[in-house]
Each structure stands twice: as structure tokens, then as C-alpha cells.
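One chain, chain A, links the two complexes that follow: it is found with chain B in the first and with chain C in the second.
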Partner chain A sequence: MIALLSSALAQADEWVSPAIDWHAIAPELILVIGINLVLLIDLNIGESKKWTMATLSGFVVLAAFIPVITLGLELDGVPREMFDGRYVIDEYALVLKAFFLLVAYVIILISQNELEEGGYYQGEFYVLMLCSVLGMVMMTSSRDLVSIFVSLELLSIPAYMMAAWRKRSSVSNEAGVKYYLLGVFASAIMLFGMSYLYGITGTTKLVDIGAQLTNGDLNGLAVVGIAFVLVGFAFKVSAVPFHTWAPDTYEGAPTPVTAFLSVASKAAGFVALVTLVYTAFPGASDVYGPMIWVMAALTMTVGNVLALRQSNIVRMLAYSSVSQGGFILMPLAFAGDPNASGSALNAVVVYLLVYAFMNLGAFAVVIAVSRKTNSGEISSFGGLFNYAPGMAVAMTVFMASLAGIPPLGGWFAKFNAFKAVLDAGNTPAYVLACIAAVNTVISAAYYFKVLRTVWVDDAPDGNTAPINPPQPIVAALAITVIGTIVVGVYPRLVAGFGELSDLAGALGG
Partner chain B sequence: MLAANFLLLAAVLFCIGVFGVIARRNAVMVLMSIELVLNSVNLNLIAFALMNDDVDGQVFALFVIGIAAAEVGVGLAMVLLIYRNRRSISLDELSELKG
Partner chain C sequence: MNNLTDSNWVLSLGTFLPLLGAVVIMFFTSKDDDQTPKVIGIVTAAATLAVGVYTLIQFDYDQADRLQFFVDAEWIEVISSGYTIGLDGISLPLYFLSMVVTLLVMIYTWDNMPDAGNPKAFYSLMLILQTGMAGSFIAQDLILFFVFFEVVLLPMYFMIGVWGGEQRKYASLKFFLYTMFGSAFMLVAFLALFFQAGDAAGGVESFGFAHLYEFGALIDRDVQVWIFAGMFLGFAVKVPMFPFHTWLPDAHTQAPTQGSVILAAILLKLGTYGFVRIALPMLPKGAEAWAPVIGILAVIGIIYGALGCLAQTDMKRLIAFSSVAHMGYVMLGISTLTEFGINAALYGMVAHGLITGMLFFVAGSVKHRYHTLEIKRLSGMLLQMPKMGWILGFAAMASLGLPGLAGFWGEFPAILSAYNPNEALSEELFRVLMVVAAVGTVLAAAYLLWLYQRTAFGEPGDEFKGQSEVEQGKHEGLAHSLSSAANDHGDHEVIKDVQRTEWIAWTPFLIAIVVFGVYPQLMFQVLDPAVTALVETINAGIKLP
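Our next item is the complex of A and B:
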């Protein structure tokens, strides 16, 4: 040990600081500066002006968008690497950075009024949310076990606090504690897996790990390491059987936070999973393939069956999001198959994008309507078409898209996921595709139950005063409706994201 | 070999920690069990760093220690929160949300 340390110290004088590509990390830097700005300004303004924090946070997110775009224009297919290829800005990372920033912007729009009216620590909320977004933006570029772990915690720890945001509500506390305990436990298990991966390969860089893990040549420690790391992320994406926290947390947390957790935090889990599967475990498909297969099949089935019997809309959306997670997971089971590898990556990224639009939209409608009805029951949506036809149409778009009706975005996402699975073309793939097809039909049942309430039933309390959704929510609805429809009608817009074959290439180099 | 003993100890600690998380119903005890798991990770990382003869594992362990501290800070704050609202930190009583 002493020898090791002294040899490390002996090298110390030769150490030169690594070259930092400031342009490449500009989105992260802008977020860091923005977080500090929001924090400091929030400290020094009066209670009556706290609402400006939402606007400021919105500008921070939009400012972080600018370098993402300039990087995209400059990239030209050549990924920019930093720290010996441990932090990579390639097309895959940029598309997902833009995705997370967009989601953050929509979340700011839909949480603004809820926070203002509830008087819940507005400045602190945006600071924590931006920290979490920073973690997600970092996750897209992380190509090293340490940085993946740090980004995961950076995005999770603020999310735990946001789930328990309503300090005096025992339901919100319960949501936060359940999320926290299971989340920390899952990341501890994931770390244990990572420590084995490090031990076997002697490196924390994903590409180097990937070079050493090959099918048929894996020892017990490697299998345990891979399995534990997958379990850690399965929790994050609420895959069955690690989903038990999700419905409770989603129901108990304030609704905008639920939207954030079910879209952004889940997507971040998928991003980490994709990065690991494609760069660290490309040769270990015998281990992760069957595991993800089983989890995907269970996730979509259990999520759907439990969603069928929910009467609370948020809880139903929670189970629906569990089941949608199964569909996103499905193509990943075949990421190791040479025929399906490219289309699986495409399917996951496109599904994440579309899922974000339709799920955020559904939550925006729920928030707007429950401002009037003060209820989370599905029955409280009765008569919505009579007094708020715009909301009813928006809800129809989101529910139909979640169910996968053409020509909406959800249909295109599901189509892609099926295509990737069928590209693999072996028996497990056909079986999984059949399970998914049955589940698509089951899911239509509960999505259409909501639509029937919206269009056919009468308002339960006879109150048909029109609702006036606040401007930010209208803007969020506009973004999500347009996104959902455009992706469905003109899929070529996002289909190109799938030509991210350079993910594997860029990382291999 | 020396490192193998450390790995064995870490595996035992990991199992005790996982058992604690599953079996204990007191929130603080669960937090302590999670700490056990995290420390078994640190032990693993250090032992592997010794075996592989590089410092990456030690650096990783420092990150784990730092972030574990942040996690426990948030965790204890939440335990305090439920204690204020319910006068109890038993996880069994957290059952308002189900279905």
C-alpha cells in the first residue's frame, strides 16, 4: 500500500492538468452558473417577488440550450472527448441533453402556478430541480463508472427532496421516504456491482471494461457485477420487480414533481442503461439479454394489470408509466444481436422522446383540471368536454398516443420498438413481441376509460364553470400536443436520431 | 491471499446490510444498514485497487464516501420530517398510500 502511494506520489510532479474543452462542457457550466444565480437571487428578494424565480430558471434552461445547438452544428460526426474518453460529447449525448433541457423547461412551466399558490419554497424548488437536471445532462456524456455514479446521485438526491416537498403533508413525507430508502438501497447495490466490475477489469472506463467482458469468458464475479448494476438501474426506471416505490411516490408527491420523476428521472435511468449496455457490456449479452427480457415482459404486464383497477388518475398514470417503461426496455434485451443493435438504440431514444411529450402533456391536463375540481379521481374528469373542450381534446391526444393509436407519436414509438425486436428475429424476440402486442391491447382499456369519462359522463358535482388554465400550463400543453402529433405525422424528424450508430463507434475509439 | 480476505469480509458485510434493510422496520436502523452496504463497497474497491495495483479504486472509494455523506444527510432530514408529523419512525406505519 505504501509502495503504491509513494509510486503515485512520485508520478505527481509529472502530472499535467487535462485539456478542458470549454465549449463542449458549456451546457453544464451554464447550468452550474444558473443554479448559483437562482440560489443567490432567491436569498435576497422578498416573498412577493419569488415568482420571478420560475422565469429565471426558464431562462437558465434556455441559455443552456444554446451551446447544445452550437455544438450540434460544429460536431459533424466527430465526437469530442475529454479526460481520456471518459466524458464524451457525441450526437447521442447532444440529442439527449437537448431532450432533458426541453423536459426541464416544460416542468418549470407546469410547476410554476402550483408552487406559487401552495406557497412551497419556490426558489429552493427550482434550485433542486436544476441540480437534478444538471445530473441528467452529465449522465448523457458520462462514459466512466465514477462519473455515471456521481451523475446518478446528483440527479437522485434532489429528487428525493422534491418528492417530500410538502413538508406538513404526511402523504408527501411517506412518498419521499419510500423513494429515498429504496433509491439509496438500489444505488448501494449498483455500487457493489460496479466494485466487482472494477475489480475484474482493473479499470473504471466503460470502453475498457467492454473490451474485457466477453460471452462465455465471464467468471462469477463478472456476472454478479453486471446483474447488480442492472438491478440498480432497474430501480431507477421502475422496472418490475423493483417498481414498488413508484406508484406510492407518484401519488404522494406534488403532481409537477410526479411528472418530473416519471419522465426526466426515468429517462435518465434509461440513458445510463443504454450507455452501459452499448459500451460496457456489448460482449456480455448472455447475461443482460435474458435479464432485461424478463424484466421487460414483467414490467409491461404487471404495470398494465395494476393500472386497470385504479380509480385515481395519478396512480393510474403511475402504473401506466411503469408499463410504458417495459416497452422502452424491450428493445434493449436484443441490443447484443447484430441485426437489432442499431434499431434497438433508435427505438429507445425515440420512445423516450415521444413518451416525454405524451406523459408530460397528460400530467399538465391533470394539473389544470384538478385546480378546479380539487380531486385526483378519474370520475372528476366527467363532463370535461362540455366545460373545457380544449382540455378534453388535449387529453384525448395524450391518451390515444399512450395507447399507441396512429397517427400519433406513441404509435410511431411503439412501431419502432416492435421493429427493433423483430429485427432480432429469434424465438425469444417473437415471444416478447407477442407479449407486448397483448399488452398494447390491455393498455387501451384503461386509457379509453379516461376518455369515456371525459367525453360521455356528466360533471359529477354539476359544476360546469369553464376553467381558465394559467398561461404557463397552456404553453406546456401547446408544446406537448404539437410534439406528440408532429412526431406521429412526420416521424422522419426524429427517426434520424436513430442513426446514432456512432455511439458504439465513438466510444470504441 | 490478503485481498481475498478483504473481499470475503466485504461480501459478509454486504449480506448483513441487505438483511438489515429488509428485516429492520426502524428507519434509522435501515439507514445504518445501507451504510454497511456502502462500506462493503469501499472495502471492495480498496482491496481491488491493491490487487490491480492502481489508484482508480481508491479514488472511486473517496467519491463513494463523499456522496454517501450527502445521502445520509438527506435521509436523516427525512426521518426527522416523518418523526415531526407522526411521532414515530417505524416504517410499518408508513402505509397511507397503497393499492
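Our next item is the complex of A and C:
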């Protein structure tokens, strides 16, 4: 015992602080400083000036963007590693960091008015949101079980509170509690799986784990470990059958928070899945391949079928986001196939980006319209084309894009996913592609039901006063509409991002 | 592929000019101003047609088998898809037809705006639609083709959904979901073809048509059959072939006149064009395996469509079912995989576009005047509107394939071509199909003449008697008729004969039907070289070991 302790102490003596690449972690540092700034300033300003918090948070996000860009310019394809390769800044990480910051910015734009008018706790909201974003930004670089777990909790715990933000509404409380309980449950399962993985391999570093797990050579413990870790994240990305929390939480939470959960938090789950699949389990495709295949097929089908029956727009978007998750999962099932590996990664990243644009946009329209109608029913969108043609066109762009109609972004995302799957070229791939094709049609049915209401029906209450959406929402709509269209017409822009071949190499070890 | 002309910008201009017009209408006109969008729309469509005419003039007819105005620019290099466009003898007539039809439909709309109003949105949608249609005919890259092919969906969905009849919601969604269903599988088939052809080409992957013509044929026969099945779904729904036709009668009946005309004249052709341009030459062995199925379904379509017509009580629905029958002849021609058959099919596509377009125009105008299309309520049209009645008769004759009018040259050679199908196909089967298809022409005569007799001949029904300008003119003198009409007959409007905008919009159709009927060589000489080259590709592909 004493020997052990003394050897530990001896080691402690030799311990030197690891070299820290300050430039590489600048985005995270700026966010940390920003969070403290928002917190401190919020404590010391009067109620009437609380609105400045949104602006300040927006600046924090934009400031964090700067090092992301400078890092991108400096990178040149050589990943910057820190802490013994457990925290890596490569193209993949940078693209996704930029993605999360952009999403955060749009979320700030669309939450601003809702928070001001609802009299909610603005300063605290932005602090929590920025914390969550920090977790996401860290997730993109994490290459170690522990840091993945820490990032995941950092991004989830604020989200639990944000879901319950309307604290006098029982629905919102239900949303928060449901999300919290199931989220914690998922974390527990995941930790259990991680402990097995650590037990087998003796390391928490993903690349080292990956080196020890190979197909055909996996024992029961490894299979359980991998499966449990995947299930943990399946909760996070609301993949069927682990999706049950999503519709209630999405409907109960304030709409901007729903947008945040269904885009940012979900994307973070996917990022973790991708990192794990490509770095920790590249040799275990026999385990994760079929699992993800089944989850993807179920997720898109069940999500779609349930979405068909919804009459509430937010609930419909919730199920639609479940089903879109299935499309994002789909290429990952073939990540282990040597042909499809690169294009699957590309497909997931591109899909996340496009999905963020169109889904955030759809939520922005919902928020703008429900400010007038005070209703979440799809029927309340009747007559929109007549009294707010701009909103109607924007909604058309988002819905058509979600349905995958060219030349809008959603089309390219879906196309890329199909392409990645068919790249594998085996029977399961073709079967999954056909299931996905059928699902595309089913999804069109409910997206176009909304458009039909928007274009054809009359305003249900006869109120055809024009909508004057506040500036921030207009800005958010502009960003998302342009993003959705540009990606569809000129996909090279994002396809270039997605060309992460060296990343696949780096990740794959 | 070397460029035949310097003016490669023509096609891009002709395709995207309407889009520009749509953007101008959307952003620079006010919602309350009904005239400006119409003017901008018509001017844009006219300018587009001028570009089209210029294309016709510049086109080198001696080399109609080669792609002209060819452009091959980078677009999405990551997926090896390019902005590849070009025009040959097969595309030219359809490309030009789409421009003509759009302009004429817009002129027609000047005075015949559907009830829902809002010309701003209506004209923007028509222009977007035009870009999609023209683009589909010039695309020489599968992904580009797919994008244009799908672009037409949205505007058409809204045209039916917003400006359509009473059941427009049901009809528009049905139209959309059917087409979407087909194209989802088509996309999977395209991707499968892409990868398989890439393997056959030793790893060189491209979505370009030329590449796929060359290497698609090398794919194993079994695989070709499967890929063809996917494409078949996509194109057959669009054509529409029996048994995927059920969306068509609903869509046509509920669509506004403009929508019906464009749907019949151009959109249905996207499906048949897809077969000719993509499915057959890229997958020759798949085509050979599927040809009997296509032939049989086509003939079922002919008979079924005709019988369906005989059962209709609504004029527009009847015309819609006649489309199913006519597209059956087109598909029969295609399924023979011969030069003769495919020439006939392409001719039939243009002829059907003109004739059925015309019929839908008349139906729309009849509906506008009588507020009904129920055949039993309409009669004596020749007495009430002599000119309209004659035009209907003319179009009906053309539609039933009267020699000397355009319809004949699509139908008759298509039937004839089935006598001698491609040597890889069963002669007996196709001769049986030929006989059945010939019976179909008799039925076509039956339902069209029946329609014409019941609506145009006889005395007008009591309901509408005495309400037409012609009848009132006889009784009260022409000068008096305009002013007195509204007072004398309560809230009924006067039923007028063909109006000026209608004349402007219809005359080109009528002339074209006669010209192409009398001198079919005009179009066959453009089509034939390209079709010959195409069939050579198919035959070479079938004969590969």
C-alpha cells in the first residue's frame, strides 16, 4: 500500500503539465470567458436592460467563430493533437465546431423575442445555452471516453433545464422531467458500456480501444460494451426504439428550445456516434453495423408513420426530426465497409449541416406565425399564403427541403446518404436504400399537408392581419433560407467540407 | 465530344431565363397589381421563345444525331456530376414545344385567370415550371436531369392545389405522392447504375449520359433488369402507364385549364422521354427483358383508357382518360426497341401534346362559360358557339388519329412498328399486341365521336338555351346584344364564342396540328438521325455477351 502510494507520489513529482496549444482551444476558451461575462453582467444590470444579454451572447458566439476560422486556415491537413491525442483539432472537428456555433447563433436570434415577451429569465437562459454549446464544441474534438462523457453531460444538463424553462407551465415541466430522467438513464447505460470497454482494453483513448477491437475476435463483454454505448447515444439522437421522450419534450419545451434540442443537441449525439464508430469501433462493424441498420430502418419508418397522424406542428416536427435522424443514421450502418467508409462520413456531416438549416428555419417560421395565431395546430397556418406570402414561401422552402425535393438542400443531403449506402453495394445496402426511398414518399405526405394548409386553406379565425416578424427572426429566416437553397443549388460548397478523407484516415487510425 | 457551334450559351439562357422572370415577378411586383406580373410573365416567355427560335435556326440539322450547343461544366465534382447539357434531334422538338406551350398558356391566362386569382404567384410558378421542363430535355447528366425532373413537381402541385377545382387538395397530394414514389425508386436506380457502370468502366465514375451509354451496357443482365425496374417505376408513374395512371384523371380534372394543358402537353412527356433517353440506351439488356412487359401494359393502357373514356360523364375526365390511351401508343412504340417504333413514339409525344393540350383548352373555355363539364348537360355547342364547336370537332378528329392531322403519325406507325419488333423480342407477342392496339383505335373513334355528338350536336339544353351571344344576336340584333344580355337573363353571363386571347393562344396549336399532319417529314427528319444512333446503341448493348 505504502509502496503504491509512494510510487504514485514519485510519479506526481515527475508530473509536468502537458503542453497546451492555446490557439487550438481558443474557441472553447472564448466561450468559457463569454459565459462568465454574461453571468456577471446579467447579475449587475437592471431588468430593463436584460435584452442586451442576447446581443452579448451573440457576440460571444461570433467571437468564438474567429479562432475556428484562423485554425482552419492554419490547419493544412495536419491535425493538432493535445493531451496525448485525446483532444484533437482536425478538419472534422473544425467544421463541426463552426456548425455548432452557427446553430447557436441562429437559436439566439429566434429565442430573443420569445424570452423577452414571455418574461423569462433571459440572462440565465443564455448562460445555460452557451454552456451547452461549449459541451458540443468540446464534443467535436473529444477522442477519449472520459472527455466524450464530460462533453455529453455538459451539453445535456443545461438542456434539461432549458426544456423546463416555462416554469409555470406543467407541460414544460413534464418536458424537462421526462427529458432529464430518460437522459440520465441513457447516460447510466452508456457509462456501463464504457466501463466494459475500459475493462477489456485497459484504456479510455478511442484510438487504442479501436486497435484492440477487431471483427471475429470480440468476446461477449466487448459486444455488450459496444452495444450499450451505442444505445446510450441512440437515446440522445432519439433513434427508435429509444425515441419516446422526444415528442413530449419537444412539444412541452418552449419552441426555441425545441429547435435547439432537435438540431444542436441531436447533432452532438451524432458527432459522438461518428467519432466512436470511426475511431473506437472501426474493427467492430459486425456489431454496430447491423445494430445501426435496424435502428435506422426503424427510426425513419416509425418516425414517419407517427408524424403522419399529428395535428400539432411542433409535434409533427418532432416526429419528423426523429425520422430525419434515421436518414442520418443510415450511412453509418455501412461505415465499416471499405467502399462506403469515406462517403458515409461525408454523408453524415453534410446531412447534419443541411438538416440544421431547414429544421431551424421551419421552427423560425413556426415561432413567427404562432406569435400571431397563438396556436400550435397545423390548421392555424391556413391562409398564410394570403396574408404573409413571404413566410409561406419560406415555409415552402423548408418543408420541400425536408421532403427532399431538388434543388433544395435537403435533396442533396438525402442524395448523399443514398449514395453512401449504395456505395457499399451489398444486399443489406440495397434493402435499406429501398426502405429509405419508401420513407421519403411517406414523409412527403405530411410535409405537403402543411404546405397545403399554408397555400390552400383559409385562415381559420378569419384573421388576416399581416405578420410583422421581429428583426432577429427575419435574420434567422434569411440565414436558413439562403443556406437551404444555396446548398441545394451549389452543393460543392458543403460537399467540400464533407471531403474529410484525411479525417477518415486519421479517425480510423 | 467536340462542340459543333460557338453559341453554347443558348441552351442555358433558354432554360434559366424563365427563372429570372419568376424572380423578378416575385420580388419586384406588388401583390395588388394584377397586370404587371402578367406582362412580365408573357414578355419573359416570349423572350424565351425567341431564344428557342434562335436555337432552331442555329441547330445543324445535318448532324441531328449529335449533341449540339454542348456544355460540360463542373457542378458537384465530389459526386462526379457535372452541369452537362446538349440538344439533339430527340430533345429539340420537346424542348421547343415546352417554350411554345408555356407562352401560349400565359397568353390564354391573360383573360382567363382561374378563380383563386393572384396572377403574381401563378405566373411565377408557370415560369419556374418552364425552367424545369426545358432543363429536363437538355440535361445530359443523370443528377442534373433528376433535379429538373423534380423541379416541375412543386409548381404543378401548387397550381393544382391552389387554383384547382373542388377536390383540388386530394388531387394535388395524390399527384405529388405518386410521382414522388416513382422518383424515389428512380433515384436509387440512378445511383445503382452509377456505381455498377463505374465498376464496369474500371473505376471511372460519372453521371454523364455519354459515359453511361458506353458502360451501362456492360453491366450484368440480371443487375440491369433490377436497375431498369427502379427506373421503370419512376418513368411509368410519370407517363402514366397502366396501372400507375390513377393519379392522372384526378389531377387533370381538378387542375386549372392551364395546369391541364401543361400537364398533358409537356409533363407526361418527361416520362416517355426518360425511357427513350435514359432507360433504354443505358440498360439495353434490361430494356430487352422489360420490353414485353412494357408492351403489354401499354396495350392494356390503350384498351383500359378507351373503356374508361366511355364510362365518363365529365368532359375533362374523359380527355384525361384518353391521355392514358394515347400514351399507351407511345409506350407501345418505345417497347418495340426499333427505329420505326421510337420515331413514332417521339412523334406521338409531340402530337399528343398539341392535340390533347388543345382539347384541354377547349374544355377549360367550356367550363368557363357553362360552369359545368358534365356531358349530359352540354349540348348544341355548335349552335351556341359555332367556332368553339368546330375547334372541338377538329381537335377530336385529330385525337382519334384522322389521317392528315398530326395524331395519325403518332398512332399509326406505332401500331405498325409492333409488327416487326426488335429481333431480340418475341414477334408473336408483339403482333398480338398490334392487333389489340388496332382495336383500340376503333374505341378511340367511338368515345371521341360520342363526346362530340353529345356536346356539340343537337339543341342546347333548357338550362342554357338563349344565353349565347349567337342566339341573342339572331333575335335582338348584334348591337343590342352586349348591353341587354345581363339584364335579360338574370345573373347568367352571356355565353360568348371564341375570344381574342383564345384565338391568339389556340391558332398556333391548330396550325401545328395541320402542318405536322400534312408534312410529317418536317419532324421525322429531325428525329430520325438521333433515333437511329440511339437504336444502334441499344442493339449493340443487347448483342454484348
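One rule holds in what follows: the second predicted complex is superposed on the first by the 499 of 509 C-alpha atoms of A that agree within 3 Å, B and C clash if a C-alpha of one lies under 4 Å from a C-alpha of the other, contacts with A are read in each partner's own complex, and residues count from 1 in each chain.
In the analysis below, a residue touches a chain if its C-beta (ideal position, glycine included) is under 8 Å from a C-beta of that chain, and two chains touch if they have at least 3 such contacts.
As the structure is a computational prediction, the values presented were derived from the model and not from experiment.
Visitor: May I ask you to decide whether A:Lys50 touches chain B, chain C, both, or neither, giving the answer as first, second, both or neither?
Guide: After superposing on A, A:Lys50 lies clear of both chain B and chain C.
Visitor: Of the two partner chains, chain B (first) and chain C (second), which one does A:Pro491 touch, if any: first, second, both, or neither?
Guide: Second partner only.
Visitor: Quick check on the superposed pair: does A:Phe418 touch chain B, chain C, both, or neither? Answer first, second, both or neither.
Guide: After superposition on chain A, A:Phe418 lies in contact with chain C alone.
Visitor: Touch test for A:Gly199: chain B only (first), chain C only (second), both, or neither?
Guide: Once the two structures are laid over each other on A, A:Gly199 reaches chain B alone.
Visitor: Tell me the contact category for A:Phe185 with respect to chain B and chain C: first, second, both or neither.
Guide: Only chain B is touched by A:Phe185; chain C is not.
Visitor: Have a look at where A:Arg371 lands relative to chain B and chain C in the superposition and call it first, second, both or neither.
Guide: Neither partner.
Visitor: Return first, second, both or neither, reflecting whether A:Thr440 touches chain B, chain C, both chains, or no partner chain.
Guide: second
Visitor: Between chain B (first) and chain C (second), which, if any, makes contact with A:Lys167: first, second, both or neither?
Guide: first
Visitor: Show me the residue ranges of chain A that touch chain C in the complex, using the header's touch definition.
Guide: Its residues touching chain C are 346, 385, 389, 393, 396, 400, 403, 405-407, 411-412, 415-416, 418-419, 422-423, 425, 430, 433-434, 437-438, 440-441, 444-445, 448-449, 451-452, 455-456, 491-492, 495-496, 498-499.
Visitor: Can you list the residues on chain B that touch chain A in the complex?
Guide: Within the complex, chain B contacts chain A at residues 7, 10, 14, 17-18, 21, 27, 30-31, 34, 37-38, 40-41, 44-45, 47-57, 59-60, 63-64, 67, 70-71, 74-75, 77-79, 81-82, 85-86, 91, 94, 96-99.
Visitor: If you look only at chain C, which of its residues touch chain A in the complex?
Guide: Touching chain A: residues 26, 31, 74-79, 121, 143, 146-147, 150-151, 153-154, 157-158, 161-162, 168-169, 172-173, 176-177, 180-181, 184-185, 187-188, 191-192, 194-195 of chain C.
Visitor: Could you pull out which chain A residues touch chain B in their complex?
Guide: Touch list, chain A to chain B: 1, 4, 8, 145-146, 149-150, 153, 157, 160-161, 164, 167-168, 170-171, 173-178, 180-181, 184-185, 188-189, 191-192, 194-196, 198-199, 202-204, 247-248, 251-252, 310, 315.
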